[in-house]
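Letters are used for the chains, namely A, B, C, D and E, taken in the order the chains are written, and counting of residues starts over at 1 for each.
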Amino acid sequence: MVAKVLMKDLLIGLRRTFYYFFTKPITVQYPKEKLQPFPRFRGFIRLVKDEEDKFKCIACMQCARVCPAQCISLKGEGKGKERHPVEFNIDFSRCIFCGFCVEVCPVNALEFTSFYEGAQYDLDWLKFDIDKLTQDYKKWERTFKK
Amino acid sequence: MAVKEEQQFKELLAKGTSLGKVDQDLMRETIKTQDLWINMGPQHPSTHGVLRLILSLQGERIVDTEVVIGYLHRGTEKLAEARTYHQIIPLTDRLDYLASPNMNFGYVLAVEKLMGIEVPERAEYIRVLMAELGRISSHLLWLATHALDIGAMTVFLYCFREREMILDLFEMATGGRLTTTYYRIGGVAYDLPEGFLDKVEEFCEIFPSRVKDYDDLLYANRIWLSRTVNIAKIDAETAIALGLSGPSLRGSGVNWDLRRNQPYSVYDKLDFEVAVFDGCDVYARYLVRRKEMLESCKIVKQCVEYLKKTEGPVMAKVPKVIKPPAGEVYMATEAPKGELGYYIVSDGSTKPYRLKIRTPSFANLMSLPEMCKGHLVADVIAAIGSIDIVLGEVDR
Amino acid sequence: MVPLNHVILYAVLMFAIGLYGALARRNVFIVLMGIELMLNAANIAFIGFASHLGNIAGQIISIFVITVAAGEAAVGLAIVVAIFRNRLSVNIDSFNLLKW
Amino acid sequence: MGSAQVFFYIFAALSLIFALLVVTRRNAIHSAICLIVTFFFMAAVFVILKAELLAAVQVLVYAGGVVGLMLYVIMLVKGEEANQVKHNLGQKIIAAFVALLLFIQLAAVVWVSLAGKKAGALAAEAAKFGGNTEGIGALLYTKYLLPFEVASVLLLAAMVGAIVLAKNKLER
Amino acid sequence: MWHDIGLALLRIIVVFAVALLFVAYLTYLERKVIGHMQVRMGPMRVGPHGLLQPIADGLKLFFKEDIVPYESYKLTFYFAPLLCLVCALILFAVVPIDRNFMITRLNIGLLYILSIASVGVMGIILAGWASGSKYSLLGGLRSAAQMFSYEIFLGFSLIGPLMIAGSLDLVKIVEAQKVPLIVYQPVAFVIYLIAALGEINRTPFDLPEAESELVAGFHTEYSGMKFAYFFLAEYANLLIVSAIATIVFLAGWKGPILPGWMWFLIKMFIFVYFFIWVRATFPRYRYDQFMRIGWKIMLPVVLANIVVTGIVMMLV
C-alpha cells in the first residue's frame, strides 16, 4: 500500500532509464563507421580467378540450376579442362543471398564478399555481368570498424 | 424507449459478434445509435505490417472486428510446388522472418520424416541451439513492438540491443542475419565456427540481467498493468476451440507445448520448463513469453555444454538429388508463435506435389474478434500485440 | 477616463446584437451564443457601474452572472445533445413538440 | 482623451464587430471562433475598466470553457450542417427591428441620464483590501457569502442536470 | 514615454527570441536525452554532436510543401496552428526570470497563464475539426476533454501554494517563499506534475497523439510550417509548465551565489529534464483510465490538500 502510494513501481523504471543515461551508447554511426561482417557473411557474390588469371568456373550450370530465385544465367565455351564461361550474369535485384550457388559449386569458383550496400538508384547497376562479377569489390568497400 | 425493447436490445448486445445481418437491423431500429466504422490499417503504425481491421464501434466500445488479410500474400505454398525440396528452404525463411531458424526447422524435419533420414546428434543440437536463439530473438522483437504500441518506447531499444547480439551470432554461424537458411535436409549447412560457442555462452550470461531491465520498465509498472491486465481475455476452452497455439494458448492456462508434448529432435533430452500462466489476458501472454525467453536461454546453455564436449559430423548421408518416396507427412513443431505444421504430399518426384503450411499466426489472428469484443479501440492495439502475429506468416 | 454613458452604450449595443442573434437565427448553437452575448452585455454594464461608483460589488455580481452563464451553457448544450439524439437536427424549428 | 479611453473605443468597436460576425456567420464553428475573439476584446475592455480579475475569469470561463464546450458539442452533433436550411428573411427583419427598437429605447435613457459621468476610477473599496483580486475574494467570503454558496449550488445542479440529460440511456 | 516603449519592446524581443531559441533547442535536448537513455546517441549528423539539428529541422519544415486536404475547412485549418502557437508564446509575457526581468508584471499573473492556456486548447479542437478526417477529429475531441479536465487539477493543485503565498502575482509568490513551497506542499507538487503532463499532452498521457492508435491525433493532416507551429507550441507549453513549477514550488530565481536568472534556468531545466525522463520511461494510459485517474484520484486528493492546507494555516 505504502509502496503504491509512493509509486515505487514507477520509480524503479525511472531509475533504470536514469542509469542508462550515464552508460556509453552502443550506436555505430553507420555511413561514417561500419562494422566488419563475419567471415561467413553472405554479401554480394563474385567470380574467382586463379593465379594465372583464368576463371576457376567450368560452366557446369549447377549454380544456375540450384538457384531458387533463378537469377543466374551463364554460357560456357570449350570442352573438358578448357571449359570456361564467356557469359555469366547474376541479377542481384532478384538474388536472395541464400548461398546455395556458392555451396554447390564443385570448384569453388564463386565466393561471397563482405559488400552489402546494394541500394542503388539504378536497377541496372544490380545486373552484374562477367566483368563486373570479377572486379575487385574492395573498390566499393569503405573502412570497417569492429 | 419501451422497457421491453430495451431488454431485447440488451440481449442482442450480449450476443455481440454472433449477430446476424437481420438482428443488426433490428438493433438499429430498436434504438437510434450511429455505428462508427473505423478502418484500421493496412497502413497503420501498430498493426504490425499490412493487416487491416474493420472495427465497428458503439461509442468507443467495439462491437465487431473484421480481420482483412492478404496484403502480403506471396504465394509461398504455390511457389513451393515449382521448387525442388532443397530450394524450398529459403522460402520457409521468409514465412516468419523474425525467427527463420524455427521456420527452417519444421520444414527439414518434415522432409526428413518423409524420407526417414537419421540426423547426426551434433547437428540436432546445433539445430535446437539455433531454434532457441531464434525464439529468443522473436520474443524480443515482440516485446519491443508490443511495448512500443502501448507507449513504452525505451523497452524497444533495449530489446533491439539484445536482438542485435543474437543477429550477430546468426551472422557469425550462418552468414545471414535475418534469413539464415542454415538448416539442410539431413543436418545443417556447415559446422559452427570457432569461438561461436563462447560467444553464445557470453550472451547467456548477460541475457537474464537484461531481462531485468525490461522488468524494471514493465513488470510491475502500474501503467503497464492497467493496460494489460484483464484486457483481451480469452478463456481456455475458447482458445482451444479457436485453434490458438503457442504462448497465446499457454497464456490461457493450457499446458501444451509441442516441444514437451510431442518431443521432436533432441528436446526430450533437454531440461526445460513450459511457461504457463492462467491469466487469460494480455499480461499473462506477456508473462509467458517473458518466461519462455529465460527458459530458451537455459536450453541454449545445455546445448552449448553438449556441443563443447562432442565432435562429429553435422550432415547425414543424403542423396544429392532429394527424391522422397510418394506419400504424405505432417510435422508440427513449436515455433515462437505457436504450432507450425508442414504438410507435404509427395508424388515421388523432386518437387512436392503440395505443400501446406499450418502457420500459428494465421490461426491466432482469427481469435482477434473474440478478444476485442466489448473493449475499447486502444485495447485492440494491445490485443494485436499480445497474439504476436507476423504478416508474412499469416498471408504466406 | 471613459465616460460612463459610453460604456453603458457599448453594453446596450452588445445586448442588441445578442438579441438579434437569439431571435434571427435557426441554429440552436448560435441562439445559445446570442444569449451568452446578452449575458456579457450585462456584465459590461455591471463593471462599468462598479468602476464608476468605486464599488467592487458590481464585479461580484458579474462573477455570479458568469456562473449562471456557465451553468446555462452546460444545461443548454446537454438539452441540445439530448434532442439531437431523437431528432438528428439542431435546427430550432424542429424542437416544436411543446408548441401549441 | 487619455490613452486608456482610446484603447477602450478600439477594443469596444472590435468586440462589437466580432459579435456581429458571431450572429451572422452561416457556419456555427466560425461563429464560435468569432465568439472567442469577442470575449478576448471584451476582456481587454474589462482591464481598462479596472476589473483585471474579471478579465482573466472572462477568458478562462468563456473563451476557454463555455466556447470550448460549444465547439465540442457542435463537432459531436455535426451542428455546422444545420444552417443548410433556407433562411427566413421575415424572421430576420423582425428580429433586427426588435433589437433596434430595444437599442434605441435603452440608448436614449442611458444618454440622457448618465451624460457627463466618468467611469474607471475604481478606488475606495478595492484599495481597502489591497487590490482587485483580494477585494473580490474578501467580499465574496464575507458580505456575499450566501449568494456565493447559492451560485455554487446552482453550478452543482447544472452539472448534475447536464450529465443526466446528456448521458446515453443505454449505458445506464 | 518613447523611452519606455522602446525598453518594453526590447524586453519583449529578448524574451521571445530567447524563448523561441529555447523551444527549438528543447527538441534537440529531448532527442539527445531520450537517445542516451535508450543507449543510443540521438542526432549526431548536423554540426558537432548534431547541434545544428533544430535549425536544419526548422529549415526543412519551412521549405516543405504545405498540404491542405481537400475536405478541410481552409480558413480554420490555417487559423488553428497560429492560435496554438500564439497562445503558447504570449504566456512568456508574465514569467519573471529574475526579480526585475520580465515583460510585464500582472497582479493576476497566474490566473492569466491559466486562462490563456485554456484558450490554447481551442486551437487543438479546431485543428482536429478542420482537418476533415475521422482520426483528427477523434484526436481533437480527446485532447479537448483531456485538457479541459486536467486544467482543473492543474489550477486546484496551485491553490494550496497560493494560499500560503497569498497572491496571484508571480513576483510576490516568489518573494513570499523563504523556504521553497515544495517543502510545505509536496502533495500539491506531485499532483501538479501529473496534471502538467496531462495538460501538455506528454507520455504517459499523450493520448491525443497516441500514434499507435490515432496515427498522430489532431495534427495528422498538418505538414510543413503549420505542423511546426504545433510542434513549437507543444514545447513552449512544456517550458511554461516548468517555469510555473519553478516559480510556485521552487522559489523561482532565489538561490545562493549564482545570479537569479541562472538559478531560474537551472531549476526550470530540472523540470524539463524530468518531463523528458518520464517520456522515456513510461507506457501510455488508455483514455478512460486516464480520465478516471483525474476525476477519481487526483481531484479528491487535491481538494483534500486544499482543505488540510486551510486548516493548518488557520491553526498556525
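The rule is simple: a contact is a pair of C-beta atoms (placed from the backbone, for glycine too) under 8 Å apart; a residue touches a chain by one contact, two chains touch by 3 or more.
Predicted, not measured: the structure shown is a model, and the values here were computed from it.
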item	value
Chain pair bearing the highest count of C-beta contacts	C-D
Chain ID, smallest distance between chain and overall C-alpha centroids	E
Between chain E and chain B, distance of the C-alpha-averaged centres to the nearest whole Å	42
Averaged-CA centre spacing for the pair chain B and chain A, given as whole angstrom	28
Approximate Å spacing (C-alpha centroids) for the pair chain A, chain D	71
Chain centre separation in whole Å, for chain E relative to chain A (CA means)	49
Chain B, residues touching no fewer than two other chains	154, 158, 161, 217-218, 221, 223
Numbers and ranges of chain D residues touching at least 2 other chains	53, 57, 65, 69, 76, 132, 168
Contacts with two or more other chains, residues of chain E listed in rising order	37-40, 280-282
Chain B-facing residues of chain E, complex	34, 37-40, 134, 203-204, 206, 210-213, 215, 280-289
Residue numbers on chain D that touch chain C, as the complex places them	2, 4-5, 8-9, 12, 15-16, 19-20, 22-23, 25, 28, 31-32, 35, 38-39, 42, 45-46, 48-51, 53-54, 57-58, 61-62, 65-66, 69-70, 73-74, 76-77, 79, 82-83, 85, 87-88, 91-92, 94-96, 98-100, 102-103, 106-107, 110-111, 114-126, 132, 135-136, 139-140, 144, 147-148, 151-152, 154-155, 157-159, 161-166, 168
Residues of chain B touching chain E in the complex	38, 44-46, 60, 147-154, 156-158, 161, 217-218, 221, 223-224, 226-227, 376-379, 381
Residues on chain A engaged by chain B in the complex (per definition of touch)	4, 7, 9-10, 12-13, 15-17, 20, 26, 37-42, 66, 68, 96-100, 103, 112
Chain A residues within the chain E interface of the complex	10, 13-14, 16-18, 20-21, 23-27, 29
